[in-house]
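Let me begin by presenting the structure, written as structure tokens, before commenting on it.
To keep things simple, chains are lettered A, B, C, D and E as they appear, and every chain counts its residues starting from 1.
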Amino acid sequence: MAAVSLDHGLILAAILFVIGFVGLLTRRNLIVALACIEIMLNAAGLAFVVAGARWGSADGQVMFLFVLAMAAAEVAVGLALAIRFRQSLGRLDVDDADEMKG
Amino acid sequence: MTSGDLITLLPLIALTVTPVVVMLAAAFYRSHALALALTLVGLAATIVSLFVAATRTGRQVTPLLSFDTYALFYIGLLTVATAAVAILSWSYLQRRHVHPEEYYMLLLTATLGGAVLVASTHFASFFLGLEILSVSLYALIVYPIYRDQFVEAAVKYLVLAGATSAFLVFGMALVYAETGTMTASGLAPILSAGLGGQDVVVALGIVLILVGVGFKLAVVPFHMWTPDVYQGAPAPVGAYVATVSKGAVLALLLRYFWPVSLDTGSSLFLVFAAVAIASMVAGNLLALRQDNVKRILAYSSIANLGYLLVAFLAAGEQAAVAVTFFLVAYFATTLVAFGVVAALSTPERDAESMDDYRGLARTRRWTAVAFTVALFSLAGMPLTVGFMGKFYVVTAGAGAALWALIIVLVLTSTIGLYYYTRIVVAMWVRQPDENADAVGAAVGGGSAAVLAALTAFLIVFGVYPAPLIQLIERAVATLP
Amino acid sequence: MTALFYIAAAVAIIATVLVITRSNLVHALLYLVVSLFAVAVVFYTLGAPFVAALEVIVYAGAIMMLFVFAVMLLNVSADAPLRVPRSAWIGPLVLIAVLLAELIYGIGLTNHALHAGEVGPQQVSAALFGPYVLGVELASMLLLAALIGARHIASQPESPGLDEPQPAGEAPDTRANEGGEA
Amino acid sequence: MLQLLWIVPALPAAGFVVLLLLNRHLSRRATALIGAGSVGLSAVVAILIAVSFITSPPPGDAYRQVLWTWFDTGGLAPQIAFYLDAMSVVFMVVITFVGFLIHLYSTEFMERDEGFTRFFMYMNLFVASMLVLVLADNLLLLYLGWEGVGMCSYLLIAFWQKDVQNVYCGRKAFIVTRVGDTALIVGLFLLFTQLHTLEIQPLMAGAAKNWAAGSGVAVAAAALLLGGAVGKSAQLPLQTWLPDAMAGPTPVSALIHAATMVTAGVYLIARTNVLFTLAPDVRLAVAIIGTVTLLYACFSALAQHDIKRVLAYSTMSQIGYMFLALGVAGWSAAIFHFMTHAFFKALLFLAAGVVIEALGGEHDIFKMGGLRRKLPTAFWAFIIGAASLSALPLITDGFYSKDLIIETSLGAVDGNAWLWLGALAGSLLTSIYAFRLVFVVFFGEQQTPVTLHPRWRMKLPLVVLSVLSVVGGFVWLPGWMGGFHPFETFLDTALPVTQTVAGSFAYTGVAALLTSLIAVVGVALATVWLVESRAALARFAARPTPHDVQTFWLNGWGFDWLYEHVFVIPVKWFARVARGDLVEPAFSGIAWLNLQAWRALSASQNGQLRVYIGVAGVGLAVIVAFVVLR
Amino acid sequence: MILLWYILIPAVAAPLAWLVSRSRPDLARWVALAGTALPLALVTWQWVSQAGALKAAFVAHGPGAAGLVQGTWLADVHATWIAPLGISFFLAEDGLTLIMLVLTFAMGLLAVLASWRGITARVGFFHFMILWTTAALAGVFLSLDLFLFYFFFEMMLIPMYFVIALWGHERRVYAAIKFFIFTQASGLLMLIAILALYFIHGRATGVYTFDFTQLLGTQMPSGTAFLLMLGFFAAFAVKLPAFPLHTWLPDAHTEAPTAGSVILAGVLIKIGAYGMIRFMVPLFPQAVYDFRTIGMILAVIGIIYGAIMAYAQTDLKRLVAYTSVSHMGFVLLGIFAWNTLALQGVVVQIVCHALSTGALFILVGTLQDRIHTRDMAKMGGLWAVAPRMGGTAMFFALASLGLPGLGNFVAEFLILVGTWQVSRWAAVLGAVGLVVATVYALWMMQRAFQGQETHALRFDDLVPRETAMYAALIAALVVIGFYPQPLIATARQTVTAAQQMTAGSPLSPEAASAAQTMIVDGATADDGQ
């Protein structure tokens, strides 16, 4: 049933990954940044599942599981930080956070 | 998973149980002293378990981890470093009026992450170890919370760590897609081909993995976060990031690349060389006229990683010993340097600007002596273990005839002299300016002891490094 | 089946692009949920039903809920949208184009057929509690660390300041861990 | 008796050490006693040694006394040893005797000077160094004496160091002589490398044995030694320092810049005569330099205002005569003239000293005048000195030595007419400027009052020297006066006999008559011109020749100006330009580069998170491109 | 075993001085005095007692390179230090080392004496640094293991840096860091050269060691040898300020306190010369031979440029510093001439330069303490105010211009005679250097001491302690001037051994024969003493 070839899957993952990365680069809102990180992690997980599908072994999916766990952890701490960020800097704009430089 | 494996896993088990115990204790009775005591007991247990684990043969525990003497040595190193950071944090957190218990839990989980990284031979354990370490660090960096700098540093670290982890995983996926193996032993033949010609995907995968590794090691071009995080984070956490997180990742890199003898023509070698040179040059140049001591230490840690990469590239029989020895020296020196910064920091403001260190020799003589010894060790001056470390690195480099790299190392480390001595001048030559708010109270008992012990380590092994070298040689011998 | 794969892929890509272009935050998050569903469908077409289910439950269910809570809590829509001048997009887009080209060129070089069979939950759980058992334990420690961290960051009152020291050892008031009021 | 040789230089050296150590605690009398006494004793011992040397000459007419080995490495083993032969006896006696007289004279001359002890300290050190120079058995030891006297002359010229001008003159003297010394030391290198020793006698033997006459190395060695001699004896082209050396006290000028040091060059050439015989054209150069310098000096002397500068130029010209004698291989004639010159030139200087002291430090001769009755001893001393300088026939020692040189310059094998004519012209001019000086200072009306009259310690040396200036010449009578020349026979044991052309015109009666008449004509000319017409006297004394030639001669034919512009100004310019070290910009440039790199890099750390991610992305793109495309 | 004491006594005295100073500051001075006087006495006793051994050790051994090298040490200590890298704790002492040790401890003693009144702030810490430098210097001169040599070479930087940075004058921090970076950068280049040599030797013979006697004579392609030689030359040329790399010296000397300048001028500079004679030339004779012309050009430029720069200075101490550049130009010339005469001249020059320039620095330092300025424009006519000081300054000025009868002349004459045999133009230009030396020496005397007393400066003349110090130095210079044989005899053995080591190369073609005559002279010369 898998007429889909490996590289198509990987290309899809790559595209999603790259879109996430561009979001990270351009959007100044911290929440969106966290979302973009989630997109990139999801794309990486997708790549792993595609790889697993190629070899027909469960390794890919196990790795996806771990990526999932890591993403969840990341979001939890990220959002907590976002709340703290808004309280101390007033806005969720990432560019405000440039007090330390030089 | 046989019962024997459990004994081999003892160190990890100890490192897992300790944070849980600290958490339970905190649930019943919130006391800073109790938390620290439990942490130290846990770390001591880990070290004892190392010796127990060392007695068992048959080291590979599930494809994920392998506990050879190399891993055990590094776990020991990380544990000792964590213990030092914990004690240094005691006086730091004492005056911060913030719940200290979570700090120690996170410290222990981070060390667990490090331990997993050191022992990992599989992508899964590599990824998980890295993430446990990172996630624990997010909270540690922002721990005192009440100042914008902490939040800013944590956000930067989190976003960048998240992004680079995504690259890491994507790289792993590509490698797995092409080769089907995720273990270090499986990758060795591929790596030794130096990523030339045919399987471009694997090359792509490896490079993407290096992004994740590069971020953690803070080598150029992934070093941008370092100065801000070191400046923003509390001093003990800065020490932790500079030592344990970098050391663990480098140990893993060494394990993966140890069986691979990169020939100097291959593209991977050239990438590493370019990164090393860039780190050495940028690290030293950025710190040239820097007035913030924490940022100077950050840039100097970038430069030191550049030196480490030179030894890593040497890949001769000397390389592993050189890398490990330099790492041990780097650990001790950085802990002393950050320990002094932590000891002098006040709740209002960390002791980071150069003016805080004016005339320190007069006001607080022994701290100044410790900091001077650390700075001279960073600069690689004799009588300090830094000198032996740098000498060992240059020897390894010379052994592998990496002349270009060594000459860059030599020239950039003389630039380094300039900014290290600027601090020394501030401490010894300048007069303390009265109007500056007085630097922190006298150095607390615990951190004073740690600083004294580490400074002694710097000098003793600076003069007579032979026993340390023998220990490292025995540890490295077991690498495949 | 392959047609379904390509449809779901297209939906996923479009939804993700919309996520990063919408100025309204809530819309962005909703598009993200759509994108996750599309990816779940892709998983299904690739013969990984267990992971598809996980994607829906954990990713869309739990993580996105966290996002929505955060957005509601901070009623982000109130403050001015952070407009980014058009020109700011050019640099990143060029970089992304280069990166994408390199990735696609690299991936394009190899072409292998995917394994026909489906890898069901049995094999995954066998692997999970086979060689990767330690992985699971470590994943749990990862979540524990995140828990402790998130709780600590969110629990503190806005800025304890140095004047009213909080005596160590006294149990904190049972404020919800979402932290202070918006 | 000869074993006491080492005492002769040791005594003044001991005097120097004693004065140095007890500097503060000695009274004037004690210092004078030690200072003059040490040289006096040394003179006595020198004379005793000379007598025993003459009466019972040691084997081989030479006596060598070794004190200790200086050092011994790599084949070079110079010894601190003294070598006494006929020539060095003459030099030793003259130096110690004249030195003693001048020391006696100085005890009174320097009485009121607060640096009294320091003066005698330097003078003793000078006499010791000069004795080491003339008695040295080894060229390196000779060089030690050579530089020693140079240093002492610097210290003594700049004795009144409160006035920067004196210090400048002292420095100028030491540096110009040092230029000559460099040539000498290079000569030493050459000699040692070629002949593997620096001991004079074996060196001369070795040179004679393995160097062919006129061979390149011989010419080079001789030329280098000549360079050293020219520097020390103030001959062209290194003569500019001597007139300025008059800045020192008069006894210093008398001892150093008349009697002893300036003749060191003559001693060196005489001592290494074998080298010069091996390089005939260098010897001709010596003769030419001698003649040209003596003429140059005569003309300059004519135009001087300062009494001591006249005498300085006259010394320069008399040494020119000695160089001429050496040039034509009249070795003993040169030594003879050295002795006579030492007597009458010291006499002239000391007399001038009396005059200067009497007139309260006045140097300009046109402010003096009519001192005949006021200072009789000075007047008679000056007359005898001037007569001897102009070589008035029969009654002065100058006649015997200078005319002998004039005669040899034609009669010797290498003599030639041009040299002879130059010498004759020089002799004429000498008598003119000598007696010009006498008439201007001692005749005409008195312009400055006499405030001080010399006492016995200044008068006695004048008398003794006057007697010697008359008697000194009788030791070597010319052929037509009976040919009694014990001095020559004595010197022939050390120096080669001068070969003369048998029937040459020089030895005919006419030539002898001509040379003696020249001197008398010169004096007559000066007397007729000056004594008769007062106006003529003032005018001629003031300006004997048209104005610009006058000033040209006054400042030594513009050599000072030339050296100033060729050597001194470029060095000063380079020093000013390079004060901050030319190499410094190279290193501060590197530091600047580092600073600019730092400024650029730290600008990139602008704290913007998105920039950080961008940098990481670009870095990644570059690496991937490199790995993938390679 | 005695060698260990040379390093240990000052090394132990250093912390002792610092600790003692906490309770009674002045005690630190006495500890420092003991810390330098004791080893000085020890080494002098060894010199006297082993004078016989010096000759015997030499005569007994034939001219064979190996024979000479092994058997020649007066005393040696051999212990393994870091076995895995083949680093051994190998100290050895022969004639030249003996002289350098005497010099080190004498200058250390002089430094302590000179700063008896001068240093008042942080006395204990100051003497800690001085003693640490002395210990490191003793280590440098004694070590025969290249790593140990490098270890001590670098170790002496820190105390010297502190001495200049803490007790120096106005621009002390700039001068200190400049000194530090110059020496460290060139030191690291030498380290690379040492390591390259270590690996070439290791690969060729399988024995990985830093022991100089074994590294000697490793065969390598001439191109590599030239590069390695340049590495060594860089480090030693900076230390011995050879022409292009000398700019740190005037700053370091001018800003350093008197004691610092004395040690800097007295001993630190000599490491360059010692290093070249001991390590650089014997290890790469052919490369040195190829480099000889350039080396001599640099030396001659150093002599003349240094002298003119000295003349150009307005700061008295800077003037004296540049004289060191000029004198060290002679030393470099002598080393490149590499024959017995020149090398003996170098040894004598090393000692005499230390004495004369050390004295000049003390003089200028004490003058600065009295009139609080070094600017010659503000001086003038000081002889009238302080005649004894004027006289001493005159003596040492004359010594530094190479007046015969004093040690410097014997050294410079030997060097120039030796150089003449190798290259005529270098010797002639060196001799011209003597004239330029006269210019700056007399210029200094005129500007500072002679001439009209422009400013009414009133200060007291030399105190007895100072007079005694200068008298000792004057006596030493005069004795060396008239009888340098003990110095030459002590160094003869090292000089001949060094030439033996380069016997194979064109550098010293007649080495074998020279050694032969040496033995004969060695035996006969003794009766002359």
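Keep in mind that, in the parts below, a residue touches a chain if its C-beta (ideal position, glycine included) is under 8 Å from a C-beta of that chain, and two chains touch if they have at least 3 such contacts.
Not measured: the values here are computed from a predicted model.
Traced through touching neighbours, the fewest hops from chain A to chain B number 1. Touch-path distance (fewest steps) from chain A to chain D is 1. With respect to chain C, maximal separation of chain centres occurs for D (centres as means of Cα atoms). When chain pairs are compared by their number of contacting C-beta pairs, A-C comes first.
Using CA-based centroids throughout, the chain positioned farthest away from chain B is D. Central chain assignment: E. Criterion: smallest distance from chain C-alpha mean to the mean of all protein C-alpha atoms.
One inter-chain figure worth recording: chain B and chain D are separated by 79 Å, centre to centre, where each centre is the mean of the chain's CA atoms.
The geometric centre of chain A is 6 Å away from that of chain C, both derived from CA atoms.
Each chain gets one centre point, the mean of its Cα atoms, and the points for chain A and chain E are 66 Å apart. Per-chain CA centroids place chain B at a distance of 44 Å from chain E. Taken residue by residue, chain A touches two or more other chains at 6, 10, 14, 17, 20-21, 24-26, 28, 34, 50, 52, 54-55, 59-60, 62, 66, 70, 73-74, 77, 81, 84, 88, 94, 97, 99-102, whereas all remaining positions touch fewer. For chain D, the set of residues that touch two or more other chains comprises 602, 605, 607, 609, 613-614, 617-618, 620, 624, 628. Counting partner chains per residue, chain C shows two or more touched chains at residues 91-92, 95, 99, 102-103, 105-107, 110, 132, 135, 139, 142, 145-146, 149-150, 153, 159. Two chains count as a pair here when they touch; such pairs are A-B, A-C, A-D, B-C, B-D, B-E, C-D, D-E.
Residues 6, 10, 13-14, 17, 20-21, 24, 30, 33-34, 37, 40-41, 43-45, 47-48, 50-52, 54-55, 59-60, 62-63, 66-67, 70, 73-74, 77-78, 81, 84-85, 88-89, 94, 97, 99-102 of chain A are the ones that touch chain B when the two sit in their complex. The part of chain D that touches chain B in the complex is made up of residues 594-595, 597-598, 601-602, 604-605, 607, 609, 611-613, 615-616, 618-620, 622-624, 626-628, 630. Residues of chain B touching chain D in their complex: 155-156, 159-160, 163-164, 167, 195-196, 200, 203-204, 206-208, 210-211, 215, 220-222, 224-225, 227-228, 267-268, 270-271, 282, 285-286, 288-290, 415, 418. Residues 614, 617-618, 620-621, 624-625, 628 of chain D are the ones that touch chain C when the two sit in their complex. Against chain C, in their complex, chain A makes its touches with residues 1-12, 14-23, 25-29, 31-32, 34-36, 38-39, 42, 46, 49-50, 52-62, 64-66, 68-77, 79-84, 86-88, 91-93.
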